[in-house]
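What follows is a pair of complexes built around chain A, which joins chain B in one and chain C in the other.
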Partner chain A sequence: MSAVIEARNLNKTFPSGFRLKDVSLSVKRGYITGFIGRNGAGKTTTFKLILGLSAPESGEVMLFDKRMPDHESECKQDIGVVFGAFGYYETKRLKTVTKAYKRFYTNWDDEKYAEYLKRFDLDEQKRVKELSAGMKVKYSLALALSHGAKLLILDEPTSGLDPVSRDEIMDMFRDFVSDGERSILFSTHITSDLDKCADHIVYIKDGEIVMSGDREEIMGSFLLVQGGLDALSGNRALSESLIGVKETPFGFSGLIRAEDAHIADGLQTAKADIESIMIYTEKYEHHES
Partner chain B sequence: MSVRNIKNLVLKDLSLLTGPVVIIFYIIPALMLFIPAYPRPATMFYLLVSIMNMFSFDLMGKDHEFSGLLPVKKKESVLARLAAMMLLQILLLVFTAPFAILSNYLLDRWDAANNPAGMNTNIVSYAIILVFYGIFNLIVLPGAYKKQFKVSLRSIIGLFVFIVGATITENLICRPSGGILFLNGTSGHDLLLQTPILIGALILYCVINCIAYIRARNNYKKTDI
Partner chain C sequence: MDIQLSILNTSDKPIYRQLYDQIAFSIVVGKLRGGYCLPPIRSVASALGISVISIKRAWDDLEKDGFITTMVGRGCFVSDLTDEERRQRRNALALDELRESFASLKQLELTKDELISLIRENYPL
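Entry: the complex of A and B
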């Protein structure tokens, strides 16, 4: 299983004090990788380092087995990028922007582009500023999908979209990778999107990768546990093994590793989804005192 | 570096960052050449406002981010921006040249051949404009790629240096002493003698722009988009 993106030990410090610490991630050919983390965790920054928009202080990025930024232009020929809603050239018509954009891609497909415009109900005569946030995302996707890209790097591609459009786009993503040759790396806050289509998950927290691997394996390695407060106070082993815990006057709910399931004997347990893993790791992070 | 990429980037810059309004910056200077008493650098000044706008539109339209996602190298973006600036500048000089010839002919017939506000419009005046266009590029371009395209102050300095520098240089030349009277002349013989100065100015313009490119490219390498 070869990797289309191989980022190794990326480090970068920003004037604001924010640091990316030894970020390594790998995106396998033919798979969809979801990149999750809170706002400001370093997702967009990592994308920028991968795409050569920012230079890392140390570490290296390989795209299609070619080192960046030495092979920047040839690698980017095969990459479609969406950085959220299309936020460029607000006063220009879509037609003008597309005309300037398509010249750069040797495999640009006018027919495919027209197909996407129709599918997304986009009017090329409109100016960028006249589009809603959702339509801007769709326009970005239409551009990214019309030049025969082998890899899509998408930063919040479903933000601002209604549930039906989101579902349609998830189907498109699955369809995109179905030949086993094309891959997607996408970041999102909408974790239900990941449940629908992501094969792998990379989780970044405070500029550091804290989890990375197969989605099913990650979900299978955690359990949600619920019970009364007395069960929590009376079970030291449970308290120590909790990754995150939320206490209410009626009881507690928490996240534990699946391997610690025996500690929660007699308590209610359930398989954790990506959202719960994220929330309990971030919001209800447990510090044993 | 790919010539195709540079060409596409120049076309992108011209279509997305300038637009049809740039035509006004060509017509106005051409018409102003017919004003009998007027400092000529002031007529060629307006185009630089249009170039300054290019950088403002870049900032507003996030063009540098858009370009960063395209299959081009960072240094190609820098070279293309400079090429677009140079193209606009040289095109203005070429476009206004026939108007300059016509204005010299008409002003001569109206007994207003000598421009009391500065130099006559001739090859030397074009050479001076060209060199100061280069200096403007040298001030603005490296700064743009260092300060994330925030070039308001640098553009104002560039415009100031252009207008003051070119006007002073013209005034030094149009009040000559000794044997350099031909520098302000408009006769066929004088223009022939002035031609090497234009060639020299063209070489100097290219050298200055090369320095501007190298400095801008080095600045952009260190800049995060």
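Entry: the complex of A and C
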């Protein structure tokens, strides 16, 4: 499987002390990759390094098998980027913004653009500041999609959007990759969006990639378990295998690896989803005493 | 022994049913005895991080099915059940669990006898 993004061992330290540590990330052609992590975990920073908006201290980025930043302008013709809600030229009409934007792209397609305006119910006569959060995202997407991009890199495209708009965006994502040639990398912390469309997941925590791979496989490699406190204190193997645990006066619930299922024999278990994997890994992280 | 309650958000069962089952199961197997006082709804809500309504629904259902009794101003208590009453309720709960899988077993075109012999060979107890 060929990769459209291949980032290897990116390192960068910021004046604040925040550090990206050996970040490697790959996005396969024809698939949607979801990039997850808490606020401040390094998602946007990683995107900036991939796009060459910020230079890593070490590591390399390949886009479409070409080394960055040597082939930067060439590669970027094929990439649609959406960074948060559209916030530029607040007082300009969309028409004006688009006119300025499209000059940068040799493959700009007016027909396609008109189609997306219609599909997203966007009025070109409106000014940027008059758009709702959802409309701004849709407008950014319309721009990104109208220059024949083969890869979309989207930083939290669905944050601030209502469930119906989010669902529409997810439909559009699946549509975009349906030819098997085009790919998407998007960050989010709305984990239900991932369930709807992400094939692969990359999970960043405190500047480090802690999980990456097939979403179904990642979910299948964990198991949620619950029981009484006596089951926890009486089973040392269980206590040792817990990745995260939430203890209350009434019992416990925790996350274990699916391969450790035999240790939880006789206890209630349930499949893990991305949200519970994140919460038990971060909030209820288990430190063996 | 004390009450055991915990919630798994990805369970197929709604939260109130998870709570109901945990308490009802403990009662029918005799782990929770008659007269045991259930913790206050709001303390369960804050400990487990779930809504008060979910717990109220579970407690209401438990009361309706005769597992617990509310004494106004004093709290909710596990009912005094005879061995026969506990046995009946236990079988009803077990049947609920089994019914969940009937649909898919039927799709597999399993006959009654085949199912029984499968259980005989594999059920742990």
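Here is the rule we go by: the second predicted complex is superposed on the first by the 289 of 289 C-alpha atoms of A that agree within 3 Å, B and C clash if a C-alpha of one lies under 4 Å from a C-alpha of the other, contacts with A are read in each partner's own complex, and residues count from 1 in each chain.
Criterion: a contact is a pair of C-beta atoms (placed from the backbone, for glycine too) under 8 Å apart; a residue touches a chain by one contact, two chains touch by 3 or more.
Note that the structure is predicted; figures quoted are calculated from it, not measured.
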Clash or fit, chain B versus chain C on superposed chain A: fit
Chain B versus chain C, judged by how many residues of chain A each one touches: B
Touching partner for A:Ala55 - first (chain B), second (chain C), both, neither: first
Chain B versus chain C as contact partner of A:Gln268, first or second or both or neither: second
Touched partner set for A:Ser16, first chain B, second chain C, both or neither: neither
Contacts of A:Gln125 with chain B and chain C, given as first, second, both or neither: neither
Which of chain B and chain C A:Val81 touches, first, second, both or neither: first
Vertex chain A angle, Cα centres of chain C and chain B, expressed to the nearest 10 degrees: 150
Touching partner for A:Gly227 - first (chain B), second (chain C), both, neither: second
Partner chain(s) touched by A:Gly251 [first = chain B, second = chain C, both, neither]: second
Three-chain overlay, closest Cα atoms of chain B and chain C, distance in Å: 39
Interface residues, chain A side, partner chain B - complex: 48, 51-55, 69, 72-77, 79, 81, 83, 87-92, 96-97, 99-101, 103-105
Complex interface listing, chain B residues touching chain A: 2, 5, 8, 11-12, 15-16, 60-63, 65-66, 68-74, 76, 221-222, 224-225
In the complex with chain A, residue positions of chain C that touch it: 1-12, 39, 43-44, 47-48
Residues on chain A engaged by chain C in the complex (per definition of touch): 224, 226-230, 246, 248-253, 268-273, 275-276
